[in-house]
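Encoded as structure tokens, here's the structure I'll be asking about.
Think of it as A, B, C, D, E and F in the order they're written, each chain with its own count starting at 1.
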Amino acid sequence: MRSNEIISSLERKYLSDLIAKGNRMDGRGFWESRPIQIIPNVVKKAEGSAMVKWGDTVVLAGVKIQLGSPFPDTPNDGVITVNLELSPISSPSHESGPPGPEAIEMARIVDRGIRESQIIPMDDPKLCVIPGKSVWILFVDIYILDDGGNLIDASALAAMAALANTRLNLLSIDEETEEVSLLEETEALPRNGSVASCTFAKINDTIIYDPNLIEDRGKSARFSVAVTNEGLVSSMQKGESGTFFEEEILTMLEKASERTKELHNLIEQSSQAPELQEMFRFDF
Amino acid sequence: MNKEKRSLLLEDGRRLDGRELHELRPITMRTGVLDRADGSCYLTWGNNKIICAIYGPRELHPKHLARPDKAIVRVEYRLATFSVDERKSPAPRRREYELSKILAESINKILFLEKFPNGTIDVFITVLDADGGTRCAALTAASLGLADAGIPMNGILTGCAVGKVDGKMVVDLSDIEDKEGEGDMPIVMIHNTGELTLLQSDGKLTVEEVKEGLKLAETAIGKIYQMQRKALLAKYSQIEDQLDEIDDEEE
Amino acid sequence: MRSNEIISSLERKYLSDLIAKGNRMDGRGFWESRPIQIIPNVVKKAEGSAMVKWGDTVVLAGVKIQLGSPFPDTPNDGVITVNLELSPISSPSHESGPPGPEAIEMARIVDRGIRESQIIPMDDPKLCVIPGKSVWILFVDIYILDDGGNLIDASALAAMAALANTRLNLLSIDEETEEVSLLEETEALPRNGSVASCTFAKINDTIIYDPNLIEDRGKSARFSVAVTNEGLVSSMQKGESGTFFEEEILTMLEKASERTKELHNLIEQSSQAPELQEMFRFDF
Amino acid sequence: MNKEKRSLLLEDGRRLDGRELHELRPITMRTGVLDRADGSCYLTWGNNKIICAIYGPRELHPKHLARPDKAIVRVEYRLATFSVDERKSPAPRRREYELSKILAESINKILFLEKFPNGTIDVFITVLDADGGTRCAALTAASLGLADAGIPMNGILTGCAVGKVDGKMVVDLSDIEDKEGEGDMPIVMIHNTGELTLLQSDGKLTVEEVKEGLKLAETAIGKIYQMQRKALLAKYSQIEDQLDEIDDEEE
Amino acid sequence: MNKEKRSLLLEDGRRLDGRELHELRPITMRTGVLDRADGSCYLTWGNNKIICAIYGPRELHPKHLARPDKAIVRVEYRLATFSVDERKSPAPRRREYELSKILAESINKILFLEKFPNGTIDVFITVLDADGGTRCAALTAASLGLADAGIPMNGILTGCAVGKVDGKMVVDLSDIEDKEGEGDMPIVMIHNTGELTLLQSDGKLTVEEVKEGLKLAETAIGKIYQMQRKALLAKYSQIEDQLDEIDDEEE
Amino acid sequence: MRSNEIISSLERKYLSDLIAKGNRMDGRGFWESRPIQIIPNVVKKAEGSAMVKWGDTVVLAGVKIQLGSPFPDTPNDGVITVNLELSPISSPSHESGPPGPEAIEMARIVDRGIRESQIIPMDDPKLCVIPGKSVWILFVDIYILDDGGNLIDASALAAMAALANTRLNLLSIDEETEEVSLLEETEALPRNGSVASCTFAKINDTIIYDPNLIEDRGKSARFSVAVTNEGLVSSMQKGESGTFFEEEILTMLEKASERTKELHNLIEQSSQAPELQEMFRFDF
């Protein structure tokens, strides 16, 4: 179904004409988002998790933690790594196998948004078990389950929401042998605020926020920006072969600063739910 | 599947999660949950959470793998990295390759593959949260997904593991019973004909215990089969309910 | 030579007609085995080995042992791992490269038969060198050299016979530095009995034991069961798209209980040969 | 891009390598340096050393990847194993895959791909010595390589990173400023039109800082663009000089 | 091939396994040992045990690798995981890729490949037990396997390693002489013409020692060639003997 | 551009006729080399490096050093490993991806030449940091940048010249904790002389030294020999399907003994340049 990836010329014309008239297929305004639902804490085996439905897009993020060696140049810091699977479950266009450039790019955009924002303070003493030897390693794994467009923002939101309900096991350390054992009791992962991503698409000369699947396919350029709850830009990424002018970038930054306030609220609300959620009640 | 570290049965003879020896865990099934796939099913079984997407019949690429006389079935069974105790690497492990193979063999049995020469039917199964018995749950879900995709079938696969715990044969092992019990027997049947499409075992069992296990599985599978029937019948009314709910929310 | 894998329709008809008349191509009864020859201890560089000729099928299994880390959840237990190479040497249908699903399934069937039977007691103190740090790792590697059908039973037998003549080096451990050195002297690998596999094939509605190559290709379903010398079932595996009824399973279990007694005898006989065998005298 | 371990600005406000805040490092560019490639460029930028080879337009193999309406662009951006502090494994890392993708997207923009149906234009870039800002330098070099290969282009890509160091926005980050500074913004533009083909950022920046960075980059890119023009114009005279040198040596 | 840890020659000038300096280890060769392959050979040489299977000439897949003017030769030389001191990973190592390449080049020389356009001749060699000199033994065995497959040949490859042990040039290095000696020279020739198809060396040798090694190898290869001839002639009588043996056993 | 690899029949005939008349395309004598230029110490991030231009061939070798575990059987020795990338930059015939058999063979020829010559004494105490635990690992990585023929000799020369300017960091070791820290100061890598490679090609029945690209493609057989500055042969490798007679081998050994004297001089000259070179001044 490789042809699926490419928008048909009919679809493209329809989309162009609509946009030219100031309309979107689903009736939204150019800066308007689709409805978003976050269900935190859905995977029992994960230390943190969240499912996000963003329009038709469905994304599940899970966090596993385990003890491991720190990087030599940051011997007292925890480690975070973000991986994204563009699962064939999510679309006939996605093939199985190791992540391709598209999935790698998305994982790295989400990763940088989180890492550079320092929302999860990797140098927090809670993440360091034995300096230089043993620290907490955070694996954030994102599964795209249904591809309805704008995967970057949905993935970033799922990852952030999963981290927001991640819990670390308390530990007991034998001082002499340095043997570490996990206790049953847990505490929340240290966290300083939140970060959220806003993605824009350029179709002809028009810029729209939160592209749906057809818009995603018909776009010539993409711009994603991650903004912290303090309003700082922690990562930007322009994609595709189309281009932006400087003033367009500045407009998108302004729109993103505004929009992310709502997303930060959604994240904080979702982090207030410590009990395991019934994912079944989730409206796929 | 080795040393008993602790008793897996309570003093009243019940199991650690309070179930009777022959009692199933709660199971829910929903079809048509994914937009992009041709068919899909989301199934929960105890703490197992399984999503299954079906594509096809569609043309097979690369073409040299195609069979001129019939469609082939490709199954990809995967554990999500966070679905197990220790984070699993995203690369498939040998267990996942083995299970994909035997799940495909079971699914082959129930499809009219000769109707779709040169084609493929692709079944993608991901275990999002694992709690024992995932291969039986996977085929139970895949059958519903295939029906949801409108693919003609000559039977429905229904699975359930049985096993030996503290010397007793029990139905539907939980994760802990699977790991610390004395034996595990995953079974998948076509309920209407009594044919076994999948049968495996681990652990040390007497021939008598295998026999008892087969009987227990047959009964349990009968119950699960009724749930599958209900899920398929419920599909249309579910859609109506959802539309109603949306209306309610919008008010 | 990919077409080789698929039985021709002429072959299939011939096979069907024969079986329908109660006959097999090689004149055997439905429950009768082909002749079996085990040559133990054939590879000088291996710590244990055995070559098995089972009808036309030839399989070589070797055991290498080395010191390594235990699994975190079984810090005092040795580790065993079974690998199987469906070498292109054995058949024009087998391609080189990493093991495919067929080889992986066979390796895992043999592995489970051994592991679940606890024939090799992995918790034996002889397999634990320094608790939690260093244990013996057993690598059982099986090479299919000539594919004449029923590879599972031949592989299981070769693996079991190789383990039955495997020897561990004695060790000297420096108590202070925990440095381990290998001594020249060896001792037998701990072993509690034996396990053997019986594989049945369904052709049309008839079940036969020990399929030869043509029967293997013409079968609709396969059932393998591993039985210990105490008569316990340590693993079962149904394969292929055909099905079995419950009563058929019970019949096969009964036949296997009987048949494996002879296989256990063969294993014990072969384990009585401590000297390095001349593999050349082996009749390929 | 995290904790400031030491001051990256000297007392006189200059940078550790003595540069002013908005000063570029020395840059050299030479095209046509490789015999076998259709086009090539060797570029040094501070201690960065980058080699780039172009092949094409040529037929694409395997054919099923070819597009009947236009050529595709394939870019391979690689770091030599010894170009970084810790020896890099020869297998490409995720960063290299990501950069190859976004570099290809930028190059796509400046080529007339519909002129070469079923074809491919292949751009191989290897960073032989890395010193910060390699992706901007890579596209700056690739543009010259494409011109050297005689491939028709509708623009030239010119790149430069800006970033935040000790609270100040500076131009053309060095390796140490990139690693220990507070923010990094690689930018690539088509200078003549002002279009941005590549824009990324790392680190925490205010919207105002991003704005300032874009302005600084625009000016710096203007200077680098002039160097590119000069390198292209110099090509023919360079060849003549080389011939003269060879004559001198042979005397 | 480095520091001498112990003397490799006994006081009487003989080698550790009692051989004279120029003495070969015992060698046995049998063709036609495999049922499914088109040709095969099982060869033992000291403690080396090597099995070789030949397929072809057969059609080459995938077709785009085929040559319209001749067949290609594909050789896969592998060490069984348990054939060496430390268990080898099943994935081929660089040494195995290199040897597969140079063994194929030697085999190319002796076949009439232009007789089989678009075809392939596949040679699979597995060392089941390794004891030094495996590449020479491999080509010695492969020649017999090719003859067993009935593939037309213009010569027979015969190999033998020579080397330097305790300062003396010796014939047919054992595993320990290979590892602890001062030099190793694997040589493969077409005995009838004196052409060298394979020549390598390791360790430090004077030009005079190389010269002496080449002479020693020539003599040894002459002896091994006679064994190959005998094995090929013996093939038919062997088959008869086997039939007789079977009759004996059945009595 | 796969067809590029194979010499056209026209080219072959031209080459044959020329050689038959005693001539070479570039006017050289049969035993004559193309001009060679070595620029040592060109990569700032590498601990040692050299660029070699050999006729039209351009090769860059870099050495990275890092601390690592010794091999169990040589607990006090450093480790050296040679890798070669036949980069697609160097020729339209070379594809990207992991090294194929051709690149692997070349890497191993260069590796053996160095390793077997013991030019870099891996048992030098300077390479052993903590016996049995930590030694210097030398990674020699060779990039072919322009393929103008005779890659083996150019690669061997670049690798040798890179090693000749490689510097090790001095270390301070905490005796109690065995913690190792790198000092700023460096010292030269221990080295006893040098080794150089000579490659010959057979075209029809004629043997020539240092084949250029066309000669490389038209050859039927190749012979490479590595000779130390003491005149010892440390590795030989015959390649391709053509053959050599014994007397031909002896002639080539003699020519190589002579030729390598000049190469050893070049290596020593290049090692006298401790300052970082401007690779830009290098004439590509």
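Operating definition for what follows: a contact is a pair of C-beta atoms (placed from the backbone, for glycine too) under 8 Å apart; a residue touches a chain by one contact, two chains touch by 3 or more.
Because the structure is predicted, anything quoted here is derived from the model rather than measured.
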If a chain touches subunit A and subunit B alike, it appears here: none
Number of hops, subunit D to subunit E, where each hop joins two touching chains: 2
Least step count from subunit A to subunit E, where 1 means the two chains touch: 3
Chain separated most widely from subunit F, comparing mean CA positions: B
Subunit B-subunit D separation of Cα centroids, rounded to whole Å: 52
Geometric centre distance via CA averages, subunit C-subunit B, whole Å: 29
Overall pattern in which the protein chains touch one another (line/ring/star/complete/other): ring
Chains in cyclic order, anchored at subunit A, direction fixed by subunit B: A, B, C, E, F, D
Partner subunit B, residues of subunit C touching it in the complex: 101-102, 104-105, 107-108, 112, 116-118, 123, 223, 228, 231-246, 249-250, 253-254, 257
Residues on subunit D engaged by subunit F in the complex (per definition of touch): 28, 30, 33-38, 40, 42, 44, 47, 49, 51-53, 55, 58, 61, 76, 80-87, 90-91, 122, 124, 126, 128-131, 242
Of subunit F, residues touching subunit D in the complex: 1-2, 42-46, 49, 56, 58, 60, 62-64, 66, 83, 85, 87-92, 96, 98-99, 139, 141, 143, 145-148, 279-280, 283-284
List of subunit D residues in touch with subunit A within their complex: 1-3, 94-95, 97-98, 100-102, 105-106, 108-109, 185, 190, 193-207, 210-211, 214, 218
